[in-house]
């Protein structure tokens, strides 16, 4: 049925326009083997669709927030732009990102998106991007460390504090937690907030509810744990935390994955690598969750033909058989976002995924329970971009970690800064 | 006298030690580290003399990334920027030095004051401007900007070199009936050659190291310069330090090689050419 | 204030001075460069100025005309004040560090010692490598878990435990100043060295006869004779170090707690993470104005008199 439809579309296209439709695909996965994998898929797609020509252009995360709006303003924007939830509202506000709820519904009926995935892109009455893959923060450790210290992996915050203390010894930091004004820190502090019942940043009327006792509790426990972190954690991003863990400098870290670094730079003993759900506040077991980032593709063109071509390419990527290979451009980092994708054999066949199967399963399980600040329970407002792009959760954290204010004062000052930012 | 020489000797040794430690040791460490195994690079017990040796990082970067494309782009952009900068600056410096025209002091100072407009300020307007005239995603976009950053200082340095050329030589040529063009091409440029060489290298370096504009004005992989390419091959969520270090060494290598051959002209041009 | 006579270098003393005022030809020679620079600076500045009169948030969207509202609001903002102070400290810190390093290098290389040639040729290394590489080098060197500096300082007993060089506002600021000075000092040193070489040797010999030691020589001969070199380095150096963006952005992003947010970073942040492009344009215009003012004052006060 689909094939017939595609055939017709192809016929229609060849009738309407003899020219090849060009689609430019911007993404920020510049590591060479990721670029290669995407190119392989693009080549397959292009040869199967002679009327469409997809080209990828790799951008840097560092500048994309400046470059994408500038390219829209200048009329040089790509047809497809990969992004994270924080970024979409800006482009939606500009009128650049096109609503895609019909297309997403179509994919949903075929492959079944996890519900929380769509949360991050549905607001203002539309769905603004096509979810591509998921990433969720988990707690990573070495099983042997816990055995040696005679303790169990932590479930609650008090377990976690005990573990961090017990594992801190000569030259080893109990837990590596970042403290800089950066996305990674936003993610780690929010993963604590989720687990104390403070995942909502907004009230349903669009005002902020950030300043509440649950948030303060999360900031408090973070501050307490931070003393067991490395001294240069104030300047960490994901990579430094991973290196600290891989070199056994940190006993535990919060991270999307450590698998590839662990495998290539730390011996790669799969049986010793532990990963669990982020601990929750005592008595909040039902809250157990994490922070997750659903990466997605925005369609940035209103041109009918280009839009169809873009959708066709995205459908191609989401198709089982292609999908597993697509997200395995970085095996053990990007997680399936659809039910069908999570059963795709091309996903589970990758040697790295085979080797770390139990870890990947835990990651996947955690990620499906993930949420993202500002994109919870339908209380989503585009002003969240100002909060996330400026890393205000992390900035608030610095008020207590670096400037030494109490968690309570920091959170209330943070609330003021956020209120000003979303005006 | 002997006492003063002793103090001198102590000062000299101390400052030499300081210079070697601060300005040379980091290179030694980074280069040796780029040959270390991944485990050794991130190990908590840091080694100064490497314990392991591997070429895997270089292998990866040379054969699995677009390194050579980035290199080609950087070379094209830097050389073109250098040549255009030099032509424009030699002409301007000569004009400012020899032809005292109305407003020359103003022009001279204004040139230096162009540095009062930070690159960050120009970023967005230049992007919009270049989009309008269809210059985005082209070598020329980067060249235009690099020339802007290199020339003001280049003019000032060149002017100093021109001052060293005795007036009599030029005068004599005019008396013999030489035209301005002949004087410049046959006398001024050859005599100021060491100075021009070192200023050229300065312009080359300015273009070679530029990051901000190259990262914004170029979006296609086939046109990226080395610094931008290098920043891009590092993943957002994981850092492969070995990869990054070998990339850092390789990104520096071309200028270093260039310096092996012409470095002495740069330095002697600058230091013996008396900037006044 | 046009000096009709060209400055005569000692080498050219006695030359026939026949330089005439030559308006048309002079402008012809400088105009290609002047036009190039004007186009690339004045047009963008005009675009920025226009933006600053509106309240555009995201670049490319439209905004309301607000006149000088942005300017009035901005001047009272504590963020602006904080960034201006940071920029001031940044300039001063860099000036001190770079002067120290540059003179140390220049005076050292000016002496004869084995290996002098090699050192003179290669001291420039830190200037010729891309900024991105500078960042990689120092991030790794200063890392608290696998950095060589921490481990050496602990080994020789200076530190008890690893320190985070970017963990507190002051440490981060000082570390960045040092890294930036590391990058620029060797280049400045070479320029100073060229100035040193142009000083007449006889002056030193004469002062020796008068019994001056080498410290006195430095302050009474070396330093005054470098005036014109130091003037340009002072002007351009200040402007350039004010403009430093990439090193700070790539290492600390302005943190921790905005301690390293200088004005260029604030402008970038306002434009691209806060998405207040008009506010960023306003900041840009004010910043340019301040720098222009500084330059004019500096030139008026310090410009060397070029007559003989």
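Going by the order they are written in, the chains are A, B and C; count residues from 1 in each one.
Simple rule for what comes next: contacts are C-beta pairs under 8 Å (C-beta built on N, C-alpha and C of every residue); 3 or more make two chains touch, one makes a residue touch a chain.
Note that this is a predicted model, so its numbers are computed, not measured.
If you sketch which chains touch which, every chain touches every other chain without exception. Set side by side, B-C and A-B show the greater C-beta contact count at B-C.
The distance from the centre of chain A to the centre of chain B, each centre being the mean of the chain's C-alpha atoms, comes to 39 Å. With centres defined as mean CA coordinates, chain C is found 15 Å away from chain B. Multi-chain contact residues of chain A, defined as those touching 2 or more other chains: 62, 66, 70, 73-74, 240, 243, 247, 249.
Within chain B, residues 41-44, 123-124, 128, 231, 241 each touch two or more of the remaining chains.
In chain C, the residues that reach two or more other chains under the touch definition are 59, 145-146, 250, 268, 271. Against chain B, in their complex, chain C makes its touches with residues 1-4, 6-7, 9, 11-12, 15-30, 32-34, 36-37, 40-41, 43-45, 47-48, 59, 101, 104-105, 107-108, 111, 113, 117, 119-133, 136-138, 140-141, 145-148, 150-152, 182, 186, 190-191, 193-195, 197-198, 213-214, 228-229, 232, 235-236, 239-240, 242-243, 245-246, 250, 263-265, 267-268, 271, 277, 280, 284, 287-288, 291-292, 294-296, 299, 303. In the complex of the two chains, the chain B residues touching chain C come out as 4, 8, 12, 15-16, 18-19, 22-24, 26-27, 29-30, 33, 41-46, 48, 88-89, 91-92, 94-102, 104-105, 107, 109, 111-126, 128-129, 144-145, 147-148, 151-153, 155-156, 160, 163-164, 166-168, 171, 180, 205, 208-209, 211-212, 226-227, 230-231, 241, 244-245, 247-248, 251-252, 255-256, 259, 263-264, 266-267, 270-276. The touching residues of chain C, counted against chain A in their complex, run 58-61, 142-146, 161-169, 172, 249-258, 268-269, 271-275.
Taken in their complex, chain A has these residues touching chain C: 62, 65-66, 69-70, 72-74, 90, 93-94, 179-182, 230-235, 240, 243-244, 247, 249-250, 385-386, 389-391, 395, 398-399, 402-403, 421.
Across the interface of their complex, chain A is touched by residues 38-39, 41-44, 60, 64-66, 123-124, 127-128, 131-132, 136-137, 215-216, 219-221, 228, 231-241 of chain B.
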